[in-house]
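Handing you a structure now.
Think of it as A, B and C in the order they're written, each chain with its own count starting at 1.
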Amino acid sequence: MTKTLRFCVFSLLSLGLVCACLSGCARKEDSSIAIWEQMDPEEQKLLDSRLAAFQASHPGVKVTRLHFETELLRTQFQTAALAGGGPCLVFGPSDQIGPMSTMRLIQPLSELLGRDFLSAFMEGSLDTLNGEVYAVPDQVGNHLALVYNKKFVKEAPATTDDLMALARKNTVDENGDGVVDRYGLVFNTVEPFWLVPFLGGFGGWIMDAQSRPTLDSPAMVKALAFVRDLRIKHAVMPKECDYQQAETLFKEGKAAMIINGPWSWGGYIGAGIDVGVVPIPKVSETGLWPSPMVSSKGYSVNVHCPKEKIATVKELLEFLTSTENQLESARKIKMMPARKAAAEAIGSIGDPFLESSLAQLRLGRRMPVVPEMRAIWDSMRPAFQNVLNGETTPEAAAAQMQKAAVESIAKMKE
Amino acid sequence: MKGRGTRILAHVFLVIVTLATIYPIVQIVGISLRPADRLYSTSLRVIPEDATGKAYHAVVFEKDFLLWLRNSTIVSAIVTLVGVALASTAGYVFSRFRFVARRFGLYSLLIAQMFPATMLLLPLYVLMKGLHLLDSMVGLAVAYVATALPFCVWTMKGYYDTIPKELEEAALIDGASYWRAFRTVVLPLAAPALAITAIFSFMSAWSEFMVARVIVSTRTLYTLPLGLESLSSTFQTEWANYAAGSVLVSLPVVLIFLFLNRYFVSGLTLGGVKQ
Amino acid sequence: MRASTEKKLFPYVLLLPTIIVMVTVVAYPLVYNFVLSFKNMSMYHYYDANFVGFRHYSSIFTERELYWVFGKTLIWTVANLFFHVALGVGIAMLLNGRIVGGGVFRSLLILPWAVPQYICALTWRGMFNHEYGAVNLILKNVLHLAPIPWFSDATWAFVAPIITNVWLGFPFMMIVALGGLQSIPHELYEAAELDGAGALGKFRNVTLPLLKPVLAPAVVLGTVWTFNNMNVIWLVTGGGLPADKTHILVTYIYKAAFTYYRYSYAAAFSVIVFFLLLGFTFAFMRYFKITEAVFE
């Protein structure tokens, strides 16, 4: 063989050996418990400190956490679990339970953790699917509320008529240059999540007791018209208002009111805005309170989590959702606890934000966790946007939503 | 280039295009300097009134930026070296030799690129798990080399096609082996293409996210794109940190390009062989 | 004897590492998807997926709306490639001549490629904002034109990601063209001038044929990558705004797989896209004779 040929063969073989070595070294015996989560930065910090405390009191146990953005968390966990791997615990919003349990990626928890364990949590915080619980709730909330800048709004509105008047009053062009300097009311008009409170306020809901979509209803038409009027008729918000836009305007003091959830309130305080929070005001026409969706976020257990680790996992879950820790979260990041004992002690903290949050939470309605939810959101979104652009009438949009939802759900079950 | 007028026009055009090109980048720098994580701004001011360099400090010292940098550098360096080595040789073969299944080989290099990446991720995970390459730099390097090779091999081949065969043939007649002829005559002339291959391979590893997300699930192995993504949440992304990180991440790329720039300058041409 | 064995073995030895890497990483995922496309795997049928033959294929081909989406994908791809190549090659040719500060220009013009795509796309999205975005502000205050409703109008919402993607993609073409231009000896230009060729003639007879072999892979792969590029459209339009009207084929596939969990349907869709692109590549390569050498 020529020199070069020998050289080539030799380098190929050595490369192969190096690869084998490296990959062998990379595979250490993994005795740690992994948590994949999609928490906000503040929550992550709290989780880190709690994991440190847990590991300090349980020598020999290693717990790691990995952060993902919500959608990515879903797809990555699916990929890993479908292939037989993935973390022992996955933390996320309740709507991930539906698909994950249907695909048998997470374990039912009543047997695994025991009825006693689960009964310590508030009834309303445990989501059941087909009679089973799949997540240990860490918090209840995710509900939208009305947040206002006290500099511009002295008294919070009590009804939607008040709200509209206040919003119109606060949409001003202060220096007369033709550009609006302050908007009255802004919120994310891209996601139907922000439409749902008004749907409830007009007396409707997205699905019936059998989880069938009920999007084509007079309540939906009215809710769509309401939001559309806010944007087009009264022009109290910019033309294309998405989440980031609403945030920017409010944080810069260029919007008097915003509708957003508890995860965002800390950010406004941090930006120096003097904020107040109240439940979204009663709908004048019906006298009903708008019902934003309320959901829990919690920990689910991967079906592939080895049996040997389950005892430690149970202790870890007990610790992470302990009354103490949940109250700490309430104090520091305004999160509503799911454990009964903690919820009862909320009043003792004396935080006005928490009390407003609780008030809104009581008026909210539980977000369904059935897998069909994805299809429903997906059908609502385009029709919602069409109405806001003035391209469809609310009646046509409601019909369109319902049709699309029914079709998508059928295709999912094919 | 003839005529002063044309030259001035050319410069003006380049200045306009460059300004338009860097404006969004300047915006990103602006985001990195804004406090309170504001992605958008209602003013056109690039440097905000309350500008602060806190984000840069936070990204480098409070987050694991240096760790991500180390991992990305190692993986990208491996991918660049291996990519250049494999592409320069395979491209040469496809250019100079006629053998059975040559066309088939060339086309089959491209087929993976045509498949929408989203559907390849799950089987890729299963494959890497089976090969025990998950959570390893080798796994990442292998996946990235496979991503970069098709373009690199084709480009090298294309460049070799523009180098007349007479040059090596002269060397072969003089008694050199195939390898020697390749290494001493052809390879130096293909420097610009090697530079393209190097930059492309580097970028395939340095700025790639999806494959890294699938293969890596330990924080100690995070590459820069994964690290940056860990700063984002559904609604509350740390925008200032993210923007600062992005600015820092692009600096090495510019540096590498500056380093390789000399291969893109006229002067290293053939000369010596008249057509 | 030695020389001719070496001659026979040389190409295969050089090719072997490349073949090993490609086959290992690529073969399994492709086969997996092909097989998957003939089953009915979805959220409700994950563990008990059966073979259903061509069912998904026929439902895809008979859905009218998808042809419209295909058309939009074509527009997306062609518009992008056209500007990528025009800008990339044009700027490269300028930079290849005597330019003051050429190095500075090049380093700045590569920035769109260097800065992570995610934040670039989101920044562009902000720039297209109706009231506060830089684009409309410039239109209004500098050019005195009406501001454009970028995301509430379906057409403009399609133009916005095109502009963004052109910005993101031309540096790549520019680099490839710059590299390719280095292989063209000055003597050829001089010879062409002596023969009386003007700028256009020089371009057609000298530049283009020698640039073709190097530029062609970039154009073909660029087309394929753009056709399958989901991120830019998704990020700039915020997920298909307005009202799902800015979808291209690949965003459909993503939704089918990850929103509706219809894995087999998505796999079938992907296979169709694959063959479309394969056909295009074949046709393109043959027509422009890319696989042959320049001097043969």
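Here is the rule we use: a contact is a pair of C-beta atoms (placed from the backbone, for glycine too) under 8 Å apart; a residue touches a chain by one contact, two chains touch by 3 or more.
Keep in mind that this is a model prediction, so the values were computed, not measured.
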{"item": "Per Cα centroids, the chain farthest from chain B", "value": "A"}
{"item": "Which of B-C and A-C has more C-beta contact pairs", "value": "B-C"}
{"item": "Approximate Å spacing (C-alpha centroids) for the pair chain A, chain C", "value": "35"}
{"item": "Intercentroid distance (Cα basis), chain C paired with chain B, Å", "value": "15"}
{"item": "Sequence positions of chain B contacting 2 or more other chains", "value": "39-42, 122, 126, 131, 177-179, 229"}
{"item": "Per-residue multi-chain contacts in chain C, two or more chains", "value": "6, 10, 14, 17, 126, 129, 131-132, 258"}
{"item": "Where chain A touches two or more other chains at once, by residue number", "value": "2, 71, 82, 244-245, 248"}
{"item": "Chain A-facing residues of chain C, complex", "value": "2, 6, 9-10, 13-14, 16-17, 40, 42-44, 46-47, 126, 129-132, 149-153, 238-245, 255, 258-262"}
{"item": "Residues of chain C defined as touching chain B within the complex", "value": "6-7, 10-11, 14-15, 17-19, 21-22, 24-26, 28-30, 32-33, 87, 91, 94-100, 102-103, 105-120, 122-124, 126-127, 129, 131-132, 134, 137, 167, 175-176, 178-188, 191, 210, 212-218, 220-221, 224-225, 228, 230, 250, 253-254, 257-258, 266-267, 270, 273-274, 277-278, 281-282, 285, 290-295"}
{"item": "Residues of chain A touching chain C in the complex", "value": "2, 5, 8-9, 12, 15, 71, 74-75, 82, 99, 102-104, 179-180, 190, 238-240, 242, 244-245, 248, 371, 374-375, 378, 381-383, 385-386, 388-389, 391, 408, 411-414"}
{"item": "Contact footprint of chain A on chain B as seen in their complex", "value": "36-42, 121-122, 125-126, 129, 131-139, 177-179, 213-214, 217-219, 229-236, 238"}
{"item": "Chain B residues within the chain C interface of the complex", "value": "1, 7, 10-11, 13-14, 17-18, 21-25, 27-28, 31, 39-44, 85-87, 89-90, 92-93, 95, 97, 99, 103, 105-120, 122-124, 126-127, 131, 142-143, 145-146, 149-151, 153-155, 157-159, 161-165, 177-179, 191-193, 195-196, 199, 203, 207, 209, 225, 228-229, 242-243, 246-247, 249-250, 253-254, 257-258, 261, 263-266, 268-271, 274-275"}
